[in-house]
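Here you go, one structure.
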Amino acid sequence: MDKVTIGIPRALHYYYYGTLWTSFLEELGFRVLVSPKTTKDILTSGCNLSNDEMCLSLKIYFGHVYTLESKCDYILVPRIDNYGVTEQTCTNFLGLFDMVQNFITTPLLTYNIDEAHQKHEMNEFIKLGLSLGKGKEQSKLAYIHSFKKWLKENKIRKKEESKKLNSQKIKILLVSHPYNIEDPYIGSEILKLLKNMNVEVIMAEAFISREGNKKALELSPNLYWKYNKELIGTIPLLQKQIDGILYVSSFPCALDSLVNELMLRKIKMPHLNLIVDEESGSAGMETRLESFIDILYEKREKAR
Amino acid sequence: MRKGYLGIDIGSISTKGVILDEENNILESLYIWTEGNPIKAVKRLLKELKEQLDEDVEIYGIGTTGSARKLIGLMVDANIVKNEITAHAVGTTHFYPNVKTILEIGGQDSKIILLNDSIITDYAMNTLCAAGTGAFLSSQAKRLGVEINDFGMLALKSRNPVKIAARCTVFAESDLIHKAQVGYPKEDIIAGLCRSVVLNYLNNVGKGKKIEKPIIFQGGVSKNEGVVKYFREILNADVIVDSNSHLMGAIGIALLAHSHEDGKKRTLNIADISFETKGRECDKCSNHCEILRIYKDHTFIESWGSKCGKIS
Amino acid sequence: MKKEKKLGSITFPQMGDYAIPANFLLSHILHNKIIVPKKITSRTIELGTKYSPEFVCTPFKYTLGTLLEGLENGANILIQAGGGCRYGYYAELQEQILKDLGYDFKFYNLVVAGHTDVKRIYHMMKEIDPKFHVLKGIYYLLITKQMIKYMDDIDHYIRGNIGFEVEKGSFLKLKEEMLKNFSKVNNPLKLHYLYRKYKKKFKEIKINKPNDVLKIGIIGELYTVMEPYSNYELEKELASMHIEVKRFTNVYYLLFEKHKKIKQYLKNTKKYITYQMGADAADNIGRAKELCLDRYDGIIHIKSSFCTPEISAMPIISKVCNDYHVPVIFFSFDSNTSEVGIKTRLEAFYDMLLMRRKL
């Protein structure tokens, strides 16, 4: 008999928990099918499934879910609400499961993280394993293994990324949700342009740390959004080692619209705020990036 | 003596007038440009209609619809003033009682109306974006140096419509300039534009709506063969364009004027009456409402725009 | 000797009639001068929009505008409330924006991350007015709670009947009088007496209401629903069309009923949703179903542009209404929404509902 296949949309939280999910499900003996990298078709079908005002990242997520339709036995669509009262996620993440349920016929697999109401990750993963007919111990072990693997991967990533800090080139801290900057239709173009401009791009997402989270609260005491907190926490940690900050968000990201605006006002250092929507042409982007980099070069020259 | 009923549809770009007889047959119709002045346009419209009309016809009902419906309703002493969605639906179902979907693209807005047994069941109107409306097509035709009337025919010649970002006027325009600079043939760009109008419409107004046959396409843009072609192609269905497709709103409101007849005779002789609007900003509170005062024959008749309702 | 600090003047954002109970509460428990926010005008929105980030949801712009006007009128203590979506984070950014504009003030946010901490609020009050007394605070808080309940209750009756008043303006005139008298009370008995008295008076207002009136339910994002200026006076417009209106969201609901009611809504809409989706999104899905079952003619969903929880709920609300064959129309308001466009769509909605009645 063929293995049960579980589809994972390559969008939104895939970029945080991809390893954790894949490893967990594979260890339990399932085949995992991750949707391909975002293409124009995925984006278009996502746009067709969504409301105009939804953010680009969510539209892309819908597109990915749609490509998995009837190609697998289940699609994994978690609901990640919060990791505690002051560690909330975006409301799109809260409604994701129900929104997807609304247009897809393939059965959904889900788990619910709501630590404010005692729904913790490990227990939820065990429940997930149980719902797939696996044992409690087996699921628990699979989770622990996967979690360790995930941690290790993040550590390696951070180490790799840290090396860039020694570079003599112009260094830019790129503050963006991983699901945006790593998506071919949102961030890749920007990364490509930056590469051609011969600057070192430091990805904020690789430097998430407890220390950073504390620093984030010094910048914004009431900030209760986990992912934004983690990102802006890297700014004070790395500020002395970089030349400028580039914020990249998808249109019209609810959380970035407030938090990035606050950062633009509070952090006194050269910055550029790019908002990407499905029509953003690279031409306009290139000009803005170029002039931003020029400013950084000029500033460095002057400092000498 | 015969009775006649006049329907006036005053849009931002064009003004349409239709006179029906008691059997609801079209006696006269006229299509003129609004040119930014609905009052002047309607005066001209009525004057020309009167010249065309047989002398024994007397007007027993006037209806107004379109964006200037209220103002013109006052001016011509309309017995009914209705929004354009209802007017279009009434007009269309008169000719096509079993129509299920009405696609409409006008000068500055577009709408979709879904019906069942001549009853509107759902509708949508574009709210934000002007891409894909008549005004957008006209401006792009001008940019490309093409007569708007030739636009549709040129589009049909294309074998290879270019892809144009369709979401928003600004993007579409910059994309268009780019494509023209790169050297794409004109007809391919024009076809691309027509196609983008359709895609934009379906993604915007038509989003989430179940488009069922029979489908009727109307409004000014329905005269553009290119757009019609791509509607047929993309919807993969027959799309009917009535020869009166640009007049449907006016016909609808004329029908309503007939069914709401109040026995009062009306005149088309309004060319000489003085009808003026005076705008001023009220300074009684920080709302600064734009108060519009309307005068007919130099007497004040109504005012609009006061949020508190205390100012006239 | 420690010099006594001069007390600051307080202001807070405007929302519907609720400035009245808010002012009532603050002026009784604190010795500070209260600068009651003026009704929102186009200037408020211009101000708010000018200094807000572009893609923030509209209530941010509205509340920023009212706070700015408060500062102009001499306030130097600003109070924001926060809520269960990004509203909860408004305060911090607004504080920064206003500071960057050069104003000098203290900013207090009552609700952080959707949660209120009684102790924190106590310290806040003590800081605003060192003479703040807890018992007095609780006493007036309870009266205010009751006042809000009565106001919302009367509003509910008004919405159902104002479209049918015989003498134009009679409901609003009486309401104005009632609110004026409410704000003068100082004990719960007097308040209760006034409530009974006005309830009776409202019932005595002559109406001409046929049995088969059109009934419409309004659901949507809370600020837009509750602040008439931000929804282009939708309720007034519907009243002029002689429609009976039901709306669910009010302050009393949000503060005291939501936590209970939401469980019921989730249970009733199991077929459509499993989880809460932030702010009032799940509530609105539940309400949509309730309105469908109660045989309302149509549902109007309103929200400010870019309100994420409601955007998530919209496709599901469509589905519910589709299943029950009840028409629903969605309005997304922005500071530059065309009023003419709203009216046209509203009129068409009305025509459609009338036509459907004939089926």
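Letters A, B and C mark the chains in the order given here, with residues in each chain numbered from 1 onward.
The working rule: contacts are C-beta pairs under 8 Å (C-beta built on N, C-alpha and C of every residue); 3 or more make two chains touch, one makes a residue touch a chain.
All values reported here derive from a predicted model rather than from experimental measurement.
*Asks:* In terms of CA centres, which chain lies closest to the overall middle?
*Replies:* Closest to the centre of all protein C-alpha atoms: chain C.
*Asks:* On a CA-centroid basis, which chain has its centre farthest from chain A's?
*Replies:* Centroid comparison gives B as the farthest chain from chain A.
*Asks:* Report the pair of chains linked by the most C-beta pairs in contact.
*Replies:* Max contact pairs: A-C.
*Asks:* Any idea how many Å lie between the Cα centroids of chain B and chain C?
*Replies:* Distance between chain centres: 37 Å.
*Asks:* Compute the distance, rounded to whole Å, between the mean C-alpha positions of chain A and chain B.
*Replies:* About 46 Å, centre to centre.
*Asks:* Check each residue of chain C and list the ones that touch at least two other chains.
*Replies:* In chain C, residues 315, 332 touch at least two other chains, as defined above.
*Asks:* Residue numbers of chain B touching chain A in their complex, please.
*Replies:* 165, 167-168, 171, 174-175, 178, 203-204, 207
*Asks:* For chain C, which residues are in contact with chain A within the complex?
*Replies:* Those in contact with chain A are residues 53-57, 60, 85-86, 88-93, 96-97, 100, 109, 112-115, 272-279, 281, 305-306, 308-309, 311-316, 319, 332.
*Asks:* Write out the stretch or stretches of chain A touching chain B in their complex.
*Replies:* Its residues touching chain B are 47-48, 52, 278-279, 281, 283.
*Asks:* With touch defined as at the start, can you tell me which chain B residues reach chain C in the complex?
*Replies:* Residue list for chain B touching chain C: 67, 82-86, 109, 117, 119-123, 125, 127, 208, 285-289, 307.
*Asks:* Mind pulling up the chain A residues that touch chain C in the complex?
*Replies:* Interface residues on chain A, with respect to chain C: 51, 53-55, 79, 81, 85-86, 88, 90-92, 94-95, 97-99, 101-103, 112, 220-225, 251-255, 257-259, 261-262, 265-266, 275.
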